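Report on the structure given below.
Lettered A, B, C and D in written order, each chain numbered from 1.
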């Protein structure tokens, strides 16, 4: 591990995060958007683990554990919401779901 | 039991109550109603305990309870009462159960949410009156907007959304300015005392030292916020709409307590915090107050809707209160405090009674009625008493307040002119005109509408239980006002001393 | 070339490529499969970082449970594939990609500018010890016991919430 | 007994509460009537006891204060709920409870069978309660309590038959008019009180009057106080310019007219002026104003009374006219004469109204005197008593009215001047004329009523006994105030009794210039002769030759119409005051200023925000992605800023 500078991990994490952002911004399928968010969460996890490992401190990994818990909960609820929306609107295309407008 | 915790208990009772209400089932309407009533009665009992434990000769705040809240900014949960706030606390806890009881039949839609809103509203109102931390005060001041917004917006009349939004935006507009002033004040205090503070008692020493010009702006910001709430002419136009559209209970609380928060704010903040500016602006404000008195009465006279009539009469009555406060004599300020309570009682009673009619016929236009004295004699008598109290008949409460305010403003050194009193007193004439005219058209004469004969029934027991306690106080204040005047005397004196010590000496 | 470096290069490029592939595939099921691949490569990277526990959890929870859930919903709803990624709102989408790239460049610059490796001297032994299930467990059940319990409640609430939301109608 | 004086207000209040709260349940008219009358009767006895006790005291100790409880204690304002028992308040109390009791008894008969019987007695008792507070109050605020209280009762009782029509409107309109006009007067009274408090730092009668006599206060201040108080008095006592409510007040039941609008309430203004005599005496200009207003009111009302055809309307204008006399007396400094006239007027005017009530009762609610005629034989007792009262009011020597009226006229001459006396005497002549016109048209001449439907009958004893008692009082009531010119200083017991009350005022006024007894006797003879000739003329015209009256009215058509329409005062007020305020409030203040202007600004700001945000809201597509994009752009900018600031 010490052979690899931690910047590489961080760059990878940043790359994945930005890809995730791009995905959120350009995809139309709600489920795919959702997956992109998972990707972003994972990139954050990577950063946490990297620092935890390089600092020799396990707290970062504890946080990753919590993030995963939250991600799991979020996935469950989020998918349920998508199902509910699909049932009402017969679509998961977020271009057509513009209820944020009043 | 620790005496100083009593106010916290008082505040907690409706909080816990409103949370518990949420656990009921929507269908258990009757149970929810009884529960809400019970909670508000407990709050009333606690406030009575506070009243009996209160030392009336002491002008300091009592029952103080202080817990640090946001340490870095020195903001604390800090509550306490003096005579003025205690009187208004009593008014609040007294009116809340009555209004809840009055809605027994009128509110059928979403009783759970309604009871929740009312209890939540009570928390907000009590909090405003007992906060000794200006930041805490602001939070309660804003928090109470939310339930009121819903009460008007959900259970209101035809134009309820318009009225609710108007009410909300008007009030919000003023209070944002107040927030800015609060922050400025706290920052200024930190430059003076070396630490940031929102403690009202400390700020009392800070406020008067603010440079003159800036103080005027601060005063203006606070005053505008309170003036909208009062409401002072020409900021009153939200009031008729809100009153007309609100359900009866909303109107009663709105008139009975919410408007008092504005005048309370004037006494508690504007006067002692910025005494120099208050004295400077007193004549201008009094002119507005006097215009409000006459204007409210004249406009009230030509209304066709009973609720609107009562609403405009509130503008007139509150004009008296503001005049009393800014005349800054012991008599007038005491009168203003008493008049706040009076207005709460008599206008509250009038709204309740209009509500009684509305519940039966679903009409509020004066022209729809006529000759109901024959059909509902008891109601007519009760309405007459409420009306007489409102027009200030000696022996009933309204007279005491108006008389003290007028006599105080007449000899006021701050206003220094009779014209205020002369014009204000003419409001007494108009009050008789609009009230009696309304009464004549509604109650006297031949029965105008055949529908009335079928729909109208006289006051029932529940409605009498609501109205009789109010009448007891109406007569009590009229005949033996010392009970109430004594309560507020020391506090009034100390506030005026605070003002006087920084400006001209008002106590010769 | 150390095995570690080779492993890193392989895993990192797999992660990068799969992530890009994931957002560019039209068929959501394919996307999901790429995401699983991405998760697996991340798990490998965690192992490289001596985080054994997290690596295992990553495989079980993410690649296993969560992604299965996603696939399941995809199958259930059977949504149509997006025909063309840049069919409409092209300007906006290009702008989005541009922004993301810009942010990436900025972050990369910041990382190199800060270069944490200059100040951090990695300690292999401590790192290994930190990644063990024992060390994490110790933290979780002592210092983080309350968040841990709360997390449990969160999961419970999410379970109930998901059930209520996905149910057809309230009875 | 003096210490028990609070019972005289407490008992009527109790009566009010019992009848008011339980009257509907009691139903039995006898019980209700008994409660109503007995409370007043006992009050009268207590007042009588207090009176006798006071008579036994030496003159310096005749003024006693009975403290009840502190009422308003705020700052410098210390107001006790206390009663002042002195010569003046005792005199008024005796009139109020005495006449009040008789009218209560009369009402039991008059109101029999009315569905609002209990309500009527409750209101009457409430009235006595308020009136007693008015006369007994030991400070201006208690007086004001009673002052407003009697106004309220007047309102309630005028509108008692709330579903009946009255003239062009309803009784409740008349009631409202009375209350509102009274309120205008009260406005003046309130300001007067404030000014008193400011000047003398007290509202207690004794303190204020003591200070008024000794404090160095500018005459203009006194003038202003007196003017404000007098405005109050004109409202309550129906003087120019606020007299318009009293004729309309006849919409109420007749006993009410007798009690409130003749004997007691309307004299409250006179009482107040005479109570504050020292203040008025310190403001000579206002004294003249009072006298002139009184004189003009007396003349104007008497002239209107000449042509009215409603029996109660004639009496109402007569009341206004007599009240004018009282103010004339007060205005020329003869305060005791004005109170004397209050007393005698209470007797004969109450009697006239009750007699009129008896006639109306016997004629099935017909009030138009043109439809009476020849009732003498049907109602002998009513006729007799009515006739005595008419003689008394006309100032026929030997009856009570003569003594009081003569004293007033003499004072007017002595302190005011010849013109005052002349107008007063003309008014007396007119009074005699229209009263005998009334008597002739009612009791003499042809029977002009419809014999098929109307069978005139005498009223029951419950009604006639009070009439007889009042008739006796109307005859003998004057003998406590015999003219000094014939009987010397001791002849006028009444003036001697009230003398200590007015002593400070008299010290300020330098009255009674040099006048010979011959002058007084001469003037008296002239005015009596004038009155008598008017009586004979009236009897001649209306008993025997009605066509003369018709000829005269045809000849002076314009003037006749002017009188018939009461100088168009009501119409003028309506056009000049009521309509502008009402229309202005509705059309301008509400519909334009409030709704268009203020709300216009508010809504204008709102729509400005709405329109401008309508432009901005285009950004808000409602699609989450576009929000995220903007957020991202924000993040990019923040990062850029961060990098550039490194």
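Keep this in mind: a contact is a pair of C-beta atoms (placed from the backbone, for glycine too) under 8 Å apart; a residue touches a chain by one contact, two chains touch by 3 or more.
All of these numbers come straight from a predicted model, not from anything done at the bench.
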Any idea whether A-D or A-C has more C-beta pairs in contact?
-> A-C
Mind checking the centre-to-centre distance between chain A and chain D? Centres are C-alpha means, answer in whole Å.
-> 88
Could you put a whole-Å number on the gap between the CA centroids of chain A and chain C?
-> 6
Chain B to chain C, mean C-alpha position gap in Å, rounds to 57
Rounded Å distance between chain C and chain D, as computed from the means of their C-alpha atoms | 94
Hunt down the residues of chain A that sit against at least two other chains at once, touch-wise.
-> 21, 25
Touching two or more other chains - residues of chain D = 629, 632
Hey, what residues on chain C touch two or more of the other chains?
-> 96, 99-100, 103, 107
Pairwise touch list, complete, is A-C, A-D, B-D, C-D
Interfacial residue positions of chain A with respect to chain D in the complex = 21, 24-25, 33, 94-95, 97-101
Chain C residues touching chain A in their complex are 2, 4-5, 8, 12, 15-16, 19-20, 22-23, 28, 31-32, 35, 38-39, 42, 45-46, 48-51, 53-54, 57-58, 61-62, 65-66, 69-70, 73-74, 76-77, 79, 82, 85, 93, 96-97, 99-101, 103-104, 107-108, 111-112, 115-117, 120, 122-127, 129-131, 135-136, 138-140, 144, 147, 151, 154-155, 157-159, 161-163, 165-166, 168
Chain B-touching residues of chain D, taken from the complex the two chains share = 24, 69-77, 141, 144-145, 147-149, 152, 155, 159, 162-163, 170-173, 175-176, 179-180, 183-184, 186-187, 190-191, 193-195, 197-198, 581-582, 584-586, 589-590, 594, 598-599, 602, 606
Okay, in this complex, where on chain D does chain C touch?
-> 626, 629, 632-633, 635-636, 639-640, 642-643, 646
Which residues of chain B touch chain D in their complex?
-> 166, 169-170, 234, 236-238, 295, 298-299, 301-303, 329-331, 334-335, 371, 373-374, 377, 388, 393-395, 399-400, 403-404, 406-408, 410-411, 418, 421-422, 425-426, 428-429, 432-433, 436-437, 440, 443-446, 479-482, 485-486, 489
